[in-house]
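There are structures below to look over.
Look for chain A in each of the two complexes below; its partner is chain B in the first and chain C in the second.
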Partner chain A sequence: MRALLDLLGHAIRDARFALTVGGRTVYYLARAPLDRAAVWRQAFEVGNRSVLFVLLTLGFLGAIMNLQTGFQALRLFGDASLVGAQTMPLVLRLFGPTVTGLMVATRVGTGIAAEVGSMVVTEQVDALRMSGAPPVDYLVKPRFVACILMLPALAVLGVTASFVAGMAVSYGAFQVNPATYANFDLVRTGDVFEGLLKALTYGAVIPIIAGAAGLSARGGSEGVGQATTRAVVNASLAVIVLDFVIGGAAFVLRT
Partner chain B sequence: MIRLCGVTKRFEGATVLDDVSLTVPTGATLGLVGQGGAGKSLVLKLVCGLLRPDAGQVFVDDDEVSALDETALMPVRDRIGMIFQNYALFDYLTVGENIAFPLRQRRAASADEITARVTKRLAQVHLPGIEDRLPAELSGGMKKRVCLARATIHDPPILLCDDPTAGLDPVTTNRIFALLKAMQVERAATAVIVSHDVPSLLPLCDRLAVLDRGRRVFEGTCAEAEASADPLVRAFLHPEVTP
Partner chain C sequence: MIRFIDVHKAFGPKRVLDGVSIDVARGEVLFIIGKSGAGKSVLVKHLLGLLAPDAGQILFEGQDVAGFSERDFFPLRKRCTMVLQHSTLFDSMTLLENVALPLRKHQGLSHAASLEAARSKLQLVHMERYADRRPADIGDGLRKRVAIARALTMEPEYVVFDEPTTGLDPISARHVDRLIRRLADETSVTSIVVSHDLASIFGVADRVVMLYQGRVLLDGPPQAFRDSADPVVRQFVNGLPDGPMDI
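Right after this comes the complex of A and B.
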């Protein structure tokens, strides 16, 4: 029971600190000039670090999903020709942005937490503060803007990879013609907006949670390790919870 | 002037500084000594507002640092240069960019002027022409001198040095202390220098303070320190005769 209360206490403390970091990020976005070179560097880092990972993961997910859906369709209806039409809304609304968010949370979130955490324990963050550079403005803000720009782009690439892989598997396994597979009748404009909104939200939340974890690192390398773990756990959890919240809100709006 | 009035600081229930008061008059240099964990580095971080005391007040000139928020601390920190124990050089920036960083952040000079000041400061610390090197390519002594150059690039009237010779050989230690002495003579800055190397530190100091497990056990002039009967003060001043 005590361990559970401790865990809850840590979670509340982490959430409060992340909210503070988020508030300061918005404050510095409004008040301080944006270092475009730093944003560009971070955008390259975020995109470059994650693109292959996202393409491979969503490509395989697309292939697996189409294979399983096709088997079920064949078993139940004896026809798998609508497999593309059935899976596409799910990929756009759920798998594309959310799996991309999870991949970025693990790949980029850990990188941010480790980098910022190392700077904290080696007093570089103190040196920033002494040099007139607020750490949130200098370290978190460029990563925040970069992730907001890059996450939707990565999600679009991921959806494309999933679509292409699904098309190839459907053709190979069930002889579904690519033209038949590319059936967007069940896709609504709202699905595209929902997917993009999720990607944007994850892009805003991941660097803040990871930056907050890094800034709260204490001690030496062990503290950096703990901060990195906290970043990936909290950011992944935030992605899942936000997926539920945004998905639920979209469902309510649709009905 | 720097003043600490009855400062207490705790970390996770443990009292690390206990009711410590210190005064450093304008233009004077205070040597701060004590065993590891005595709270010396903590005093420096409290002075520049990197940490806040749990009780007591910290003043830098007329500003009560302990009562200021991060934004209000900016102009106070503009008047302080700090040499960190672990160098704290930005490892992704070159030496030149590291030294120029405080000026660039404060937009205190034009790009040409910053370049000229960096070149001049590197020459002063006897490291000319290393602007394009990364910190990882430097030895410990070189890093300390780059750190000294960065801390003083904006000519602050207050200098805080956290163990500037930790882990350095005697030759490099003497070189660092000579540089600090030269800069003090040139700029008459108020300074607090934390060091374990008391014999090298004493010629630089007007005053000496000794901390022991978070408490101040001595504060006075170097002559008073020499005359002190306190065993810990004597142990620091005359380590060769301490059993």
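Right after this comes the complex of A and C.
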């Protein structure tokens, strides 16, 4: 019980600090010039760190999903030719953006927290403040913009990987013709919007949460380690919760 | 003029500053000494808003900065800069870019103009040869010299040096001493120097303040420090392993 309360207390404190960091980021976005070179560097870093993981994970997920859906369909109706149509909306709305978000939270979130955290514990952040560079403006803002740009792009790549892998598996396992597989009848514009909205939201939230974790690092390398762990845990949790919230809102809007 | 008035600071149960009062006059070179952990770094960080006091006032030219927000500190940090104890250069940048950053951020100089100006500051500490290296590629002593150059790029009126000669070879250390003295004599820059270096203290200090157990134990010219009858001061001046000082 006590441990649970502790955990809750930590979560609330982390969330409040992340909100502060988010507020400052938006403030500096409006008030201070954007260092485009830094944004490109970070965008490259984000892509570099996560593209392979996103492609692999979503590729496999696409394969697994089509295999399972296909089996089920075969058992129930004796026909698996609609697997593509059946899985597509789910991939667009749910798996594409959210698995991408989780991968970025893991790969990029840890990187951000470790970099920022080690700058805090080595007092480089104090040196930044002395140099007239507010840490949120200088460290968090470019990563924020980079992630917002990159997450939708990564999600699109991930969805494509899932689509292609699903197509291959459906052909291999159920002899579904690729032309039959590529059936978008069940996809609505709303699904695409929902997926993109999720990707954008994760892109905004992950660097803020990870940056906040890094900025609150205390102590030596141990503190950096803890900050890194906190970043993945909090960012992944945020992705899941936001998936639920956005998915729920979209559902309500649709009905 | 800078005044610390009855400054208190604790970290959890640990009381580091327990009522410290110090006045620093314009153009003065003030040394703050004391054993490791005495709270010297903690004290000077208060002046620049890197730490906030639990109680007490810190007057910067009559303005109490104790209640300043982070944003209020930015103009102050143009006029009063600091060399942090561990140099803390940005490891993602070259040495030249390190020195140029304050010019870009505080003064809004363009990238090219800031690099130009930074080069002359590197010359001041004889580091122009290393301009394009990164902090990881050079040793502690050289890093400290670059940190000093970075603190001087803004041509500040006040500079806080946290152990500027620690880790430097004796020749470079005396160069730094001379630089501090010249800043005071030629451009009336006020310096607050945290140091253990007796050669520096007796070479360039106008006044010496010794912190002990969270308070000011001694405040006077270097001569008074050398001649003090206080057993704790005596132990420190003579560097004796045994004595009344709690370690």
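Keep this in mind: the second predicted complex is superposed on the first by the 255 of 255 C-alpha atoms of A that agree within 3 Å, B and C clash if a C-alpha of one lies under 4 Å from a C-alpha of the other, contacts with A are read in each partner's own complex, and residues count from 1 in each chain.
Everything that follows uses one rule, which is that a residue touches a chain if its C-beta (ideal position, glycine included) is under 8 Å from a C-beta of that chain, and two chains touch if they have at least 3 such contacts.
Here the structure is a predicted model, which means the values were calculated and not measured.
Enquirer: So, on chain A, is it clash or fit between chain B and chain C?
Expert: Once chain A is superposed (C-alpha atoms), there is a clash between chain B and chain C.
Enquirer: Now for A:Leu94: first (chain B), second (chain C), both, or neither, which partner does it touch?
Expert: So A:Leu94 meets neither chain B nor chain C here.
Enquirer: First (chain B), second (chain C), both or neither: which does A:Pro134 touch?
Expert: The answer is both, since A:Pro134 touches chain B and chain C.
Enquirer: Touching A:Gln124 in the superposition: chain B (first), chain C (second), both, neither?
Expert: both
Enquirer: Is A:Val26 in contact with chain B, with chain C, with both, or with neither (first, second, both, neither)?
Expert: In the superposition, A:Val26 contacts neither chain B nor chain C.
Enquirer: Of the two partner chains, chain B (first) and chain C (second), which one does A:Val51 touch, if any: first, second, both, or neither?
Expert: neither
Enquirer: Once the complexes are superposed, what residues of chain A are shared between the chain B interface and the chain C interface?
Expert: In chain A, residues 122-124, 126-127, 129-134 are touched by chain B and also by chain C.
Enquirer: In the complex formed with chain C, which residues of chain A make contact?
Expert: That would be residues 119, 122-124, 126-134, 138 of chain A.
Enquirer: Considering the complex alone, what residue numbers of chain C touch chain A?
Expert: By the definition above, chain C touches chain A via 45, 48-50, 70, 73-74, 77-78, 81-82, 84-86, 88-91, 101-102, 105-106, 150-151.
Enquirer: Which part of chain B faces chain A closely enough to touch in the complex?
Expert: 45, 48, 50, 70, 74, 77-78, 80-82, 84-91, 101-102, 105-106, 150
Enquirer: Residues of chain A touching chain B in their complex?
Expert: 122-124, 126-127, 129-134
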